[in-house]
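The structure under discussion appears below in the form of structure tokens.
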Amino acid sequence: MEINELKQIVEALLIATPEPLTETRFHTCLGDSVSKIPLQEVIRELTTDYEQSGRAFFIKEVAGGYQIVTNGEFEPYIKGLFSKSGKLRLSQAALETLAIVSYKQPVTRNDIESIRGVSSDSSLRTLLDRKLLEIRGREDGPGRALLYRTSTEFLQYFGLNSVKDLPRLREVEDILAEDDQELV
Amino acid sequence: MKNQLHRIDLEMFEGPLDLLLFLIKRDELNIYDIPIAKITKDFLEFVNLAKELRLHSAGDFVLMAATLMKIKARMLLPIEADGDDEIEDPRTELMNMLLEYKRYKEATTTFSEMERSERPHYYHIPATWSPHQEDNTAILEDVKLYDIMLTFQYLIKNYEEPATHSVAVEEVTLSEQVGFLSGLLQANAKLSFAGLLEKFESRLVVVVTFLAILEMLRNRQVKVKQSKLFDDLLISRGSTFGN
Amino acid sequence: MEINELKQIVEALLIATPEPLTETRFHTCLGDSVSKIPLQEVIRELTTDYEQSGRAFFIKEVAGGYQIVTNGEFEPYIKGLFSKSGKLRLSQAALETLAIVSYKQPVTRNDIESIRGVSSDSSLRTLLDRKLLEIRGREDGPGRALLYRTSTEFLQYFGLNSVKDLPRLREVEDILAEDDQELV
């Protein structure tokens, strides 16, 4: 199969897919029509096409695959499509909870609460409702507490390819040193 | 300084650790050597001043107040160095909690920035009526365990008679606990806080009782003393008790 | 606003919209930036662009609005997106049925229907087809009705070791509990 045909197929898949298009999924879709050109290269070609023809969208690498997203400049118009004028932002409490889960996962509610020093039911609920977190099994210990993890939606929400792409959790010494500098 | 404190609202803080970090930063305190008496005083003052205590987080603030008082009491104990065993600083656990929390609080800023930079981009949503679906009913994308559990809960609530499913909600109010403590103090000259705690099973009751003690302390209905030997609180009648 | 700017805005809206883009919705999105060009004309121009540049998608008029869909020829590839997808896609009816079986297993069809209050034949069939449920034995009673249970695939999908690891209702209620009770 040659590149132009592949470009069309990949474009169609990107338009139809409800989740990021991964290399594996792409090959499932191709079936017997084997291609020697890697998905990454087809994506690169499509990206150039979209840029040159002034499309209002681009292909984003996210959650281990590819998905079509709109260019940032159109946000003021797109907001009007959604009743609550666009995306709801997460509260500080929910962001704290997410930060803890993403670095320490899988974690129990107790783990979260002992770090935050405050009960975290309502943030957990918000995050589960928005599918940014998911329940994944139970702890082995005696309490057999439920375990929480981040989801694919989490990666999409923050535009990450994988949890490994998160900036490293800084050491406390670095943070404190910076605090001191601010004071001077 | 005091007036500044007045304007602070409890809800500004994500919890007691957040408030402590604020106090440490504001007064340029050393996190590795926290002046526990000062910070306990400021913390308690803050908790008392916070006008609208919403129970959910107020409980966590009150528990922290109790922890701070416990540490303060331990700090007053004469240090009996055995030579071999090093005595742990009573502040260590709190310090570690604060340091750990600080790391995640810092990371929260990064998450906030990522959220902001992703905000203008919207993912393409494929046509919902797509012919790839087997039927025309709304298809729920990416069903999670949480959805299964919510659905079951919803179904079962609607299925069972409401009467058979009424949950006994434990209700306890501040004035009830003030009354309860007054009653106990009529009969006993002294009450042990630790002893009281053993009576209660729920954290909510513990919290409300502690708040009741603080309230009675403010009105001078009780006096609270900390024994030198134990870090327990001893509650006795105050100057306005029974008025 | 001139046609080229409008084309980009409409394209962005079509990419982001969860339901067909209607004329009314389009004007809500435009806000104060009034346009004298009707949506229909912008759509016509975009359609020509897509045809000329050999895009794999087109704009379809549906339910009183417009939506981007893939060209029919890519259907064979797109099917692959939905076969054994990494995500579980269920109808509300199937989700309800699955929820009841998960928590009440083993159950008969009758048990399910008395809780849901509607016939559940087709959702049961869907769930059996997807291998999320299986039939295991019969009830002891006089009717000897078939008993339904969740399958190993079900456990694997949700990362559970056993059915006992499902979140208990009490745990759910913890998370769902109202947390802003007033104290005084």
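By written order: A, B and C. Residues from 1 in each chain.
What we mean here is this: a residue touches a chain if its C-beta (ideal position, glycine included) is under 8 Å from a C-beta of that chain, and two chains touch if they have at least 3 such contacts.
Given the structure is predicted, the values throughout are model-derived calculations rather than measurements.
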For this session: Compare the CA centroid of subunit B with every other chain's and tell me the farthest one.
Result: C
Exercise. Just by CA atoms, which chain is the most central one?
Worked result: A
For this session: Return the distance between the CA-based centres of subunit A and subunit B, expressed in whole Å.
Result: 32
For this session: Would you mind pulling out the distance in Å between where the CA atoms of subunit B average out and where those of subunit C do?
Result: 39
Problem set entry | Gap in Å, rounded to a whole number, between the CA centres of subunit C and subunit A | 19
For this session: Return the residues of subunit A touching two or more other chains; collapse runs of consecutive numbers into ranges.
Result: 15-19, 57, 68-71, 74, 78, 119, 122, 128, 135-136, 152
For this session: Give me the residues of subunit B that touch two or more other chains.
Result: 56, 122-125, 130, 132, 141-142, 144-146, 149
Seminar exercise, completed: In their shared complex, subunit B is touched by residues of subunit A numbered 14-19, 57, 60, 67-75, 78, 86-87, 89-90, 92-93, 95-96, 98-100, 103, 114-119, 122, 128, 131, 134-136, 151-153, 156-160, 166-167, 169-172, 175-176, 179, 183
Exercise. Contact residues on subunit C for subunit A in the complex?
Worked result: 8-9, 11-13, 15-18, 21, 25, 28-31, 49, 53-57, 68-71, 74, 76-81, 83, 85-87, 89, 158-161, 165, 167, 171, 174-177, 179
Seminar exercise, completed: In the complex, the residues of subunit B that touch subunit C are 53-56, 58, 122-125, 127-130, 132, 134-135, 137-153, 155-156, 159, 173-174, 208, 211
Problem set entry | Partner subunit A, residues of subunit B touching it in the complex | 14-18, 25, 28, 31, 56-57, 59-60, 64, 97, 99-108, 110-112, 114-115, 117-126, 130, 132, 141-142, 144-146, 149
